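Labels for the chains are A, B, C and D, by order of writing; each one numbers its residues from 1.
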Amino acid sequence: MSAESPHTLVTLANRMLTREAVLDAFGHVSMRHPTDPGRFFLTRSIAPELATEADVLEYDLSGEPVSSTGLAQYSERIIHSVLYRMRPDVNAICHHHSPSMMPFCLADLKLRVVTQLGAAIGRQVPMWDQREGFGATNHLVTREAEALSLAMCLGDSNMVLMKRHGATVVGGSMRELVFRSIYGCRDAELQLRALTFGDISVFTDEEIALAGKFPEATLARAWEYWRSRLPNA
Amino acid sequence: MSAESPHTLVTLANRMLTREAVLDAFGHVSMRHPTDPGRFFLTRSIAPELATEADVLEYDLSGEPVSSTGLAQYSERIIHSVLYRMRPDVNAICHHHSPSMMPFCLADLKLRVVTQLGAAIGRQVPMWDQREGFGATNHLVTREAEALSLAMCLGDSNMVLMKRHGATVVGGSMRELVFRSIYGCRDAELQLRALTFGDISVFTDEEIALAGKFPEATLARAWEYWRSRLPNA
Amino acid sequence: MSAESPHTLVTLANRMLTREAVLDAFGHVSMRHPTDPGRFFLTRSIAPELATEADVLEYDLSGEPVSSTGLAQYSERIIHSVLYRMRPDVNAICHHHSPSMMPFCLADLKLRVVTQLGAAIGRQVPMWDQREGFGATNHLVTREAEALSLAMCLGDSNMVLMKRHGATVVGGSMRELVFRSIYGCRDAELQLRALTFGDISVFTDEEIALAGKFPEATLARAWEYWRSRLPNA
Amino acid sequence: MSAESPHTLVTLANRMLTREAVLDAFGHVSMRHPTDPGRFFLTRSIAPELATEADVLEYDLSGEPVSSTGLAQYSERIIHSVLYRMRPDVNAICHHHSPSMMPFCLADLKLRVVTQLGAAIGRQVPMWDQREGFGATNHLVTREAEALSLAMCLGDSNMVLMKRHGATVVGGSMRELVFRSIYGCRDAELQLRALTFGDISVFTDEEIALAGKFPEATLARAWEYWRSRLPNA
């Protein structure tokens, strides 16, 4: 792959995920520092599509910017810092509220895998409900205890759904994360459309295991496609 | 915030709300005069997206332009003048027929809050039916008695649904109004999609109260995002 | 109104109706000659959006071009010529297969009026089934007997649905026709979305009569909006 | 028709089918060599919309490039080579996973013909399930035995659905293939929308036979329309 800097990757991911309807004015995506696992990159509080590389800040795993700044921060950045602490295998994280995923967060529906590309989400997508552990809240994950609870629920899965809220997706690399986030949403859309007409046929665990390992070339092919679709690509 | 004039804010809101599918060739948005509470700003009768600052007129609370003009006026401008009279706390109003909200105006469905951002609509969204008080009409709210009836139904809520017609939304500022109008529609869309699959989980009144107060920074973040999405932004 | 020529009006209508998802590569729109009621204007066979004024031909009421031409003609132009013969009050016609209207042509659903603007379609929208009178066909209306049967079914209504095929809409002017075609489709969309959730509230015949008469200013407002949305407007 | 080269036709088809939502970052389209039936043209592995004429390679019917190349190949190119071997009448092939067709691959729904243009898919669209013959797989068709099984299931039809995967469409020419792929998806969309409301009226076999033969002018009219819709057309 090219020697793209974390600043470039984070802003590209922000724009791609917005263009592909995963993010809108809200939601955020981060990546771990490539050489210092105790640091990660995330933008200041801003609509993801509008972020430039100058908006990408470096954070430590307590969730605070490494360099003091007067800029506003995402109130939910604790999701990222806690997950980077708990999951050493994770190098990129996206928290979103895509309309494709929300029906699974509202109705009594189980997210399954229905296509080869959708297998990127993996065999188990657990559901976390902030209300269960924390009672009545504004549904923002801003406290360490909430983020830890979310991380426990995620376990070693690739994605966790959040009741009445959205989803948090993790990846081994930014390309894998973007691929998983987008094709997770696409797979969700397809099964929603099909479920309108009754029972559907889904991938077995064995098939998910066989289909869900994507070579770098597959991730790159999709990445270049989404990149080409950016405004002013 | 910047020192944007009412004329700028009204035309920006018109364009944003059209771009985000709240308005189309019809519907309208107004704001109260910042220093004279007995006046408000609204465009002449025109498709909202096409209005320029020269199309923004100043009205008094009887619903008539302050300066005589030969220009055609919105037949439903009485909605705005009556609501500004009845609700001193309201500084901006949008009347729309968004496809996101119409199913709630046609089917026997209750609009709920299902996301943090959707809490902007508040705990109670009453339903007004012109037919109940006024019999067979063309469904345009053009008489003071109709507007008063609508205002009574709205009460101190943030939004009122209108049977077989649309919705009227109010806000303390233009930014709050635009945020509430758009995220109200987004929340409606999400619950419609989910309701296809049976019962859904919704916010409690306590959660709506906790989630529904948005800091100015949140409103501004969304405002800048929608502004960036305008044609020729 | 401006002194737009029939050639300009026909090409504008073609482009607007495509932009608003009434037409695609197929479907067609015509208008009667403003001074010679025995003539009408329609393009040669071409995707509507691609037609220029040079593609607009003059036809007589037998459905043949007034000037001989080597250009291919729409195979269904007989719909237009027969309707102009049968309905002296009609000055513009659109035949389309909009996805908004097709569910009413396939499922056992009755098209109703659910909004003020949708009242443009009028109180009765009859359903015509080519199969009933003509047995197994390719579903193109290419014979005079088929077009006459369609016209009989239309009667004095504003629109007729065609089973497994689409819709034919008529208007007193091009602006009225375009307004009726687009808001007919919008109204159909809204009721489809609402019908997913059970019974819906619809306009009464009296309300349709009250709402369905639109002043020229209303038609012009929508016309200018749609015109502004054309590519290279 | 113009003397367009296979390289031009393949890249145009790739772009049109992406623009019309048949392909996305995945899926592929090929055409047989116009003078050497033992060869066909397909791009290297790349998102279809991004392919230039330089990306179009010549393959033999074993599925290998005629000239050795270091470029990555589509892992499912065996679908094309086997179908060109088995179906001498076929000169163009598209394999896709369009969201319009996927509900038929997931739910217990039979694809029917509901419009004149949709008759392009023909009377029988068989369903192939890789799981039946090959057990648990990653759902990619990469082995000759799998492609042969798919071809057997297709038989002399125009299209075969693939359970939990997508569709493979064949045509006598590139124009016919593109027309069939797109209007097949459009017809699928229409029936899905209508099926939400219960039983629907569909074309009989006799009507499909009457409607499904399209003159070259019809294919060309649609082709020019889709071409005009390409970015930078």
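Structural remarks
As a convention for this text, a residue touches a chain if its C-beta (ideal position, glycine included) is under 8 Å from a C-beta of that chain, and two chains touch if they have at least 3 such contacts.
Not measured: the values here are computed from a predicted model.
Shared contact partners of chain A and chain B, listed by label: none present. If you lay the C-alpha trace of chain C over that of chain D, the rotation comes to 90 degrees, to the nearest 5. In this structure chain A contacts its sequence twin chain D using mostly different residue numbers, the overlap staying below half. Spacing of chain A relative to chain D, judged by their CA centroids, is 33 angstrom. Each chain gets one centre point, the mean of its Cα atoms, and the points for chain A and chain C are 46 Å apart. Among the residues of chain D, those touching two or more other chains are numbered 195-196. Chain pairs that touch one another: A-B, A-D, B-C, C-D.
Residues 24-26, 45-47, 49-50, 72, 97, 99, 102-103, 105-109, 131, 136-140, 163-165, 192, 195-196 of chain D touch chain A in their complex.
Against chain C, the residues of chain D that register as touching in their complex are 114-117, 119, 186, 189-191, 193-204, 206-207, 210-211, 217, 221-222, 224-226, 228.
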